[in-house]
């Protein structure tokens, strides 16, 4: 039995971390490449979940196909948002804050009006419980970890191995310097936003199958994304993976030892203390 | 010695920007600190004024050790400075820039400021008078209501000097005070520096433009964070080491 | 003329004073024309949030964009409620106590926060806010946790000899006057500070902390002072709210509430003292007008925000400023400049 | 004329940075703009490469009007800017930095050849190709910045204060590097405070003071000019 609990905890940590990282990675990419704090990122995660739900439950197509379509659709939504709402305000922090906050309100209201605020669930991607040599784990949770892992690997390979990825890194280090190399910065901004949003959509859809969907599910996730980026250090993409794992581990294991709201407080205190020691985060550059 | 550095050292990630620098300034002098680009002059300024913490060595001002103190405390001791780029408060007018810089004398308490007590008003009126004097001293009265960010470059440089005067400095550190000025502006700025000195303020300045060296009683030449020569402008000009550092060859251009 | 009061000449100041006095008198007479409980409630909420938003501005002008402000409101609210409820202290005492405790926590959090600037400050402040709200959950015994705190005493009635007793439970009108007076009082203090040497130092730090410290301004000290002042008034606003609403839940002081306050300030415009007042008024009252839209109502709120961002780069108050500058320049050209 | 700038003015708000600056760079020439800090030298280059908008005036490169173009369009024409302070990508390695210089190019073979060419020119970069750019010495960073610029296949190379922070020995080396680049047919517009370098390599020069051209002509005239001596060497 002990090993059962241990195994489930491990899977929970990995599952939660995958979801956190999928969302936080996009948030971090937008922060380092475009230089914007996209508060609406977690609302996009929520929209992704609902698109998947509508396709799988209301339209009734295969849920794997729904997941894929949701990912593409939200990627396109990202292109639209970048062009219309982000690009005009890239250099103006106050206005980008208001724009992205307005987007949260509008996206939440849109879902509320079209689908309603009742809690929804996406049917399981991998129903039932899987057994490995006496240990049983939920299929959906394992699937989430696998899908998350594969996507993250793909994104990291994309950034490290392709020309576009290299250009993303270059812009994140020095955007004017990058423009002088002939990099089409706006094209890279668009690609980055699309990738970030698509990742969030996958996370939203998976979350809809594991737990549930609500128009306000993004609120908590936004805080988590910011926590991870801060923990990792602004500018560090690799740090997001570690930061996500740490936060996932805290959130999945602390409730086993501490009850109620003390878990939140403990997690927050750990982060605040860490930031006081290293204001630039675990892997960040100098503040 | 009025201002003195002893074995002053600053490392940036293994590279020594300033290395065991020994230099000193006497009260009432104008001293020029010169050296090629990247020689560490601005780093020395930042160390003296507390914007950087030394990695080693000491800085003595009027006999007191000031190494590693916070910038605002060093300002309070009477060390004023300007910056290489014309740093100023862009959203304040010229006059507000100067008035804001009067923080130390006279000092008002929180409650005085909140209730605008008669003593607070008296102090503010006194500050306004003082600020006007500085305005006249540097010759900015014509643009006193112009926003900092709308000011032409030469005026911005003058304003940074005016602002540094507001702390009633005993020594003023000027970082490239005439860079980017036209010949007329340079002559004017130099006359202002003369006037400041005549009020009993000691001056240490960094400058590329050699014209300003006619003002200096003494120059100190540094390269790679170390002193390579010291003396009058004439003496330094004869120095082979200096010529090599500056022009990369033995004879002057 | 003292620091911060350079531009306006005597004549214009006089007009300004009359305009403010007129506006305040109008607000005092308001209950004569409005007797709907619902409208009065909306106005009271607007007043409370005006105090909170203006105190957030105080922190903002020192270059610190805080995302924790609602948490400090909550701190004031809970401290005041707990002392009034458990120890039977009078709210007249617990409300200032709420302000002071918010201030103390603001100062304690403030010193470490001065290690970080700009966007880093905003993000770390977010954690501070979350930690405060989490703390409220930990002390469930006193705060009621997620169920909420009920039975918070209202403001006690006031008896002034020769006048009828003012009973705060009789209608919304006494509360309206209480909050109007409180708002005027708080805003006068905040305005006075902003237009003093202290306010100028705050603004100087925001523009360039390097230059500011080179002229002897203690950056850390002034930033903590801004937090202290801002948090104190947030605590006062929160405490007042507690004794008006008489029920508290900690979720109303979380991340989204802090963000809401920030929206009020940013939409109103950061360039002038009146920005947060205008922003709060527009963003509380206009959506109330469109309440009948039900689930569509949030579009009004979001729509205002987008409208402001796209067409008013300096916020709503900035729009007024633009018009005013045009008008004043027109006047200035007509009359010779006075040399003062 | 390869580059022709006519009456260029730039204002930041109300503050003037450049006023009616006109200059020309002929095909194959090395031209220098000298002036003190804050004279507006960098501003000219930023306008040329599309980083800053001009307030008025015209810029023609190869008889094409280029102001208002995006930086990448300007790079694609062969106008390549090596900015002040080098602006390398410090967390990327040398090879990646060089590849980014060739961002707009599609000719894989050509890129490979040019990379080889760069490595022959600057053998030290081959040794350091897997090292992060931020960890290089000042001189090596300068070489990498020039090499990265060459990877864009420039016709005109804009260099902003390449001597900044270089040891005197490196400055002498830089002279031969610029001359070698020029021999391959690339024109150079060099912005400098270091009069020594400018006088060594340039054919033609302009002196900029507070946003205005106060002197222009052949470099021989400069050597004898009192104005240049006075401004930079003292009386």
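Couple of notes before you dig in:
By letter and in written order, the chains are A, B, C and D; residue numbering begins at 1 in each of them.
Rule of thumb we're sticking to: contacts are C-beta pairs under 8 Å (C-beta built on N, C-alpha and C of every residue); 3 or more make two chains touch, one makes a residue touch a chain.
In this text the structure is predicted, and so the values were computed from the model without any measurement.
Contacts with chain B and chain C are shared by no chain at all.
Chain centre most remote from that of chain B: A (centre = mean of CA atoms).
Across the two candidate interfaces, A-D and B-D, the one carrying more C-beta contacts is B-D. Centroids of chain A and chain B (each the mean of its C-alpha atoms) stand 49 Å apart. Per-chain CA centroids place chain C at a distance of 52 Å from chain D. Note: centroid distance chain A to chain D, computed from Cα atoms, is 42 Å. Centre-to-centre separation between chain B and chain D, using Cα means, comes to 31 Å. The set of chain C residues touching two or more other chains is empty. The touch graph of the protein chains shown is a ring with every node of degree two. Pairs of chains in mutual contact: A-C, A-D, B-C, B-D. Of all the residues in chain B, the ones that touch chain C in their complex are 49-51, 70-72, 75-76, 80-81, 83, 87-93, 95-96, 99-101, 103-104, 108, 110, 113-116, 120-121, 124-125, 127-128, 145, 163-164, 166-167. Interface residues of chain D facing chain B in the complex, by the touch rule stated above, are 12-17, 36-40, 138, 161, 163-169, 171-172, 193-196, 199, 209-210, 230-235. Residue ranges of chain B in contact with chain D, taken from their complex: 36-38, 84-86, 149-154, 156, 176, 179-183, 185, 208-211, 213-214, 224, 233, 244-245, 247-249, 252-253. Those residues of chain A lying in contact with chain D across their complex are 163, 166-167, 169-170, 173-174, 176-185.
Residue ranges on chain A touching chain C, taken from their complex, read 37, 39, 88-89, 92-95, 97-99, 101-103, 105-106, 108-109, 112-113, 219, 222-223, 226-227, 229-230, 234, 260-262, 264-265, 268-269, 271-272, 275-276, 279, 287.
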